Amino acid sequence: MERTPTATLLLSGPDQKGLVAGVSGFLFHHHANIVHADQHTDHEEGVFLQRVEFELAGMDLAPGEIAAAFGPLADGLGMVWALRLSAERTRAAILVSREGHCLIDLLARWKIGELDMEVGFVAGNHPDQGDVTRYFGVPFRHLPVTPESRAEQERELRRALVAEGIGLVVLARYMQVLSPGIVDAYPNRIINIHHSFLPAFAGARPYHQAYQRGVKVIGATAHYATSELDAGPIIEQDVARVSHRDTVEDLVRKGRDLEKVVLARAVRLHLEDRVLVYGNKTVVFD
Amino acid sequence: MERTPTATLLLSGPDQKGLVAGVSGFLFHHHANIVHADQHTDHEEGVFLQRVEFELAGMDLAPGEIAAAFGPLADGLGMVWALRLSAERTRAAILVSREGHCLIDLLARWKIGELDMEVGFVAGNHPDQGDVTRYFGVPFRHLPVTPESRAEQERELRRALVAEGIGLVVLARYMQVLSPGIVDAYPNRIINIHHSFLPAFAGARPYHQAYQRGVKVIGATAHYATSELDAGPIIEQDVARVSHRDTVEDLVRKGRDLEKVVLARAVRLHLEDRVLVYGNKTVVFD
Amino acid sequence: MERTPTATLLLSGPDQKGLVAGVSGFLFHHHANIVHADQHTDHEEGVFLQRVEFELAGMDLAPGEIAAAFGPLADGLGMVWALRLSAERTRAAILVSREGHCLIDLLARWKIGELDMEVGFVAGNHPDQGDVTRYFGVPFRHLPVTPESRAEQERELRRALVAEGIGLVVLARYMQVLSPGIVDAYPNRIINIHHSFLPAFAGARPYHQAYQRGVKVIGATAHYATSELDAGPIIEQDVARVSHRDTVEDLVRKGRDLEKVVLARAVRLHLEDRVLVYGNKTVVFD
Amino acid sequence: MERTPTATLLLSGPDQKGLVAGVSGFLFHHHANIVHADQHTDHEEGVFLQRVEFELAGMDLAPGEIAAAFGPLADGLGMVWALRLSAERTRAAILVSREGHCLIDLLARWKIGELDMEVGFVAGNHPDQGDVTRYFGVPFRHLPVTPESRAEQERELRRALVAEGIGLVVLARYMQVLSPGIVDAYPNRIINIHHSFLPAFAGARPYHQAYQRGVKVIGATAHYATSELDAGPIIEQDVARVSHRDTVEDLVRKGRDLEKVVLARAVRLHLEDRVLVYGNKTVVFD
């Protein structure tokens, strides 16, 4: 689907009168046509967040001039802001281990245009997913890791992320814990899929935990990685019913379907600049 | 929960640049604090719709002056608009037949403050729900109907609606078809609950139809009544899984839970002025 | 709906060949017509569980003779078993505090025949729900409690449970923790509704916890009470989507709908003898 | 996961006393260990259906002898029956058109062992999915079709189905209507995915229909193909919420996720002999 070039403004800051009027007045003044707009006020925290997407055609500002023109207004209103151009596609890297269901799902969606990104590379600490990655025309990097080589492996990964200009890292069932160094270097730029309905069953083997507890519903959670394991801002969650008839293997199978769809939704929302983080929470302008 | 008095503007009209800027500029100019705002553009139809809720305190206009001040702006933009004050509570009438599950559910929610309305009366073509209605402190009108008395019964109903200043009619499993006369007199002011996932199984005995077809999911649909049966704008729908183990009685039982919650959600959304109708569709600003 | 009198056998024990053949052979030998049968084998634990419901009409055993005839067979197979006659309705007591949404929901379902039980009494540590209880024709006992009077209040409750022949206690948002003494006296006979998706957000104020964590899905859990708080066997769970637009009050409101329906389902499943407990888990033969 | 060889008996017929006793007695007599058993009585139709899966190890009958030994019993009880051995894997063919999301999803599941089948071939009336099919190691047959060549194309398809010993045909978004000749030749052996919640929006372009109607929930339906279009026995359905914010393209995207998962579930249920058809309905022993 051919889309007209747009820009998206993401804003957040202390709530006050005149925010919407200020932003919309700026856009109207420069002849921008708003195609989508959404805002949210957290009245408890006194925080205002806004996402405005507008067409570039017809504006009296070139794309490269918008930021300079908008900056003083936003600064005057005390807003943190970012400008994203639809023409600048995010470059993503996907990390995997042995299991490929999330990876294949992401690549298949990407191939039919569902995910608006470039895939710089796929990296795996196991070689299993190399073939399918290459089938989709994406370079695969095998980055094996042992307890001894962990620091060096991560340095190699970071070099690759930088060299490839990666702006989004997707942990597609990557079964290694990233060190704080790399996590802190990509704030709200690393999306992980946890195979449970967080905060229930954080940590290892959540389906076994769920089976032991006898729950009637299982879930999956996509969240931004933070240095605290499984505790980052939640982007998306979904659940599925289970019963006593489901073995651990059945939970794992049903869980794969949840993991695929929840991770894919989170990646798409991120790529479309629909996720704003404040505190440890997200606003998702879907 | 005590809430600060607010006003809500509902607007719709042909999409064009400057709509958001115009409305938000007006509110900012008059020192209004926006507490909720949402908008939607149907790019296919070229229609723009907006809902803005703002606090009255601090404005330089009295509540009664807002409409006169806003009118010229909206007219200039070609918008259809309405202004609703939170202080003016909607007066509702609820119509029932023999089954009371939706009625009791609505009255119980209303009693604990979940539905911000006044209940002028409950009317039933059967007397069954009189006791529970009176328990909740609401007048009950028994309006029996036969094929011969149908026109007269409806005239009596309309007189009651007018006399009581009713602004919303809720058909809580009212098993009579209202005539076009009364439906047309309350456009987008009569909410019906249909016990199926429309457009599947319109008409009578939908659970029996669903059972015969062997569906694996059943649903319920709340919609505004129009003169075409079961074809009005859909406000809310929800579904539940069923299996071969469910008898027709089980479908009816599961359906009651759907009907209650779907109707209550639709009524609440309507009372909070979150539903805008255009064409035969709704925009629900939840 | 008039139903033909039935008996239900509930069996559990170590898995072995011949269990189904033994039970079904016994029933066939005595001319019983099986109307529902379900079984489950937990292959990991080596446990077999079965529920068989059969019509009494046509059998060559009187209802009172079945147990004596079946006992030797079950004992020979090493099965724990129980026999329930549909004619013997469970007598239930419902405990509440201030909030009545679950109570009213249960009473309304009971009144239209959805829950096949007798309601011995409703008891509340606050008087708020007395009126509605009496409206439904059920005695209300006000059992106020202070830290000092807690032991005495519970003794009074236990006396009432015994005096009224109560076989099922439903905690319909009863905000007091029952002591181990009363919990242990009613094993798998006390159903609690916890207002979260356990094991997430156990303990107090779960909706506030959920709001703080920024989850995208909330839940409710009905479980048998055990002496360990919020850790008993789970009977039923359900969930609802939430978003950043939902305040804590919205979570509480959406949660009420979950609590009502999850608790009502659990009570119905229990009353129909569809829940078998083994270890800390349930098998639900729905 | 290595599984012990089992056999599965599928039975259906007029309900009568002694059916369960007869079947379980037979299995016990021949030292079979039942691993799963489920049954259902449609009391309205007076139909009994049963699925019993049992281990072959330890029986005093060879796999090839079971049918001959069981036949007289089943015939005496008036039951229609079938015996399936887990060692005999179903050979499937998958038919596609241009869109590959269901195909890739099925092949990816099959590759990791989620679907216990052999894939004889994939056939497409367009060549688009040839590459990915071959990547998964499966032969691809390009069977183009024009209005003139339709009969000949279908003859070629039927020859291929016969030559390859195909026992299951999966229509994975195959946008051609099969003729009654081929449908009738594979009764309950052709699974189609329809991209709506049937019976709503049967026929062409269901997402456009759903968009026009303004529904708040969309669905997908997997069913056995019959000569009446979109009217065959439903195996599985699922739904997703949508809102006014969803364009037709969004419905199509959300629909793809439904189609994939609903079709995959239906295929798995079929392969595990969990689906019994009677009348125009299914019993799904999950």
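Per-chain residue numbering starts at 1, and chain names A, B, C and D are given in the order in which the chains are listed.
In this section, contacts are C-beta pairs under 8 Å (C-beta built on N, C-alpha and C of every residue); 3 or more make two chains touch, one makes a residue touch a chain.
Computed from a predicted structure; not experimentally measured.
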Interface overlap for subunit B and subunit C, more than half of numbers shared or less than half: same or different? same
In terms of CA centroid distance, which chain is the most far removed from subunit B? D
Centre to centre, by mean C-alpha position, how many angstrom separate subunit A and subunit C? 42
Centroid spacing, where centroids are CA-atom means, of subunit A and subunit D in whole angstrom: 36
In subunit C, the residues touching two or more other chains are 43, 245
Going by the contact rule set out above, which residues of subunit D touch subunit A in the complex? 1, 99-101, 104-105, 108, 112, 114, 132, 135, 245, 249, 253, 256-257, 261, 286
If we count contacts the way the header does, which residues on subunit B are in touch with subunit D in the complex? 40, 42-44, 197-201, 213-217, 219, 233-239, 243-245, 247-248, 280-284
Per the touch rule, the subunit A residues reaching subunit B in their complex are 17-18, 20-22, 24-25, 27-28, 31-39, 41, 43, 241
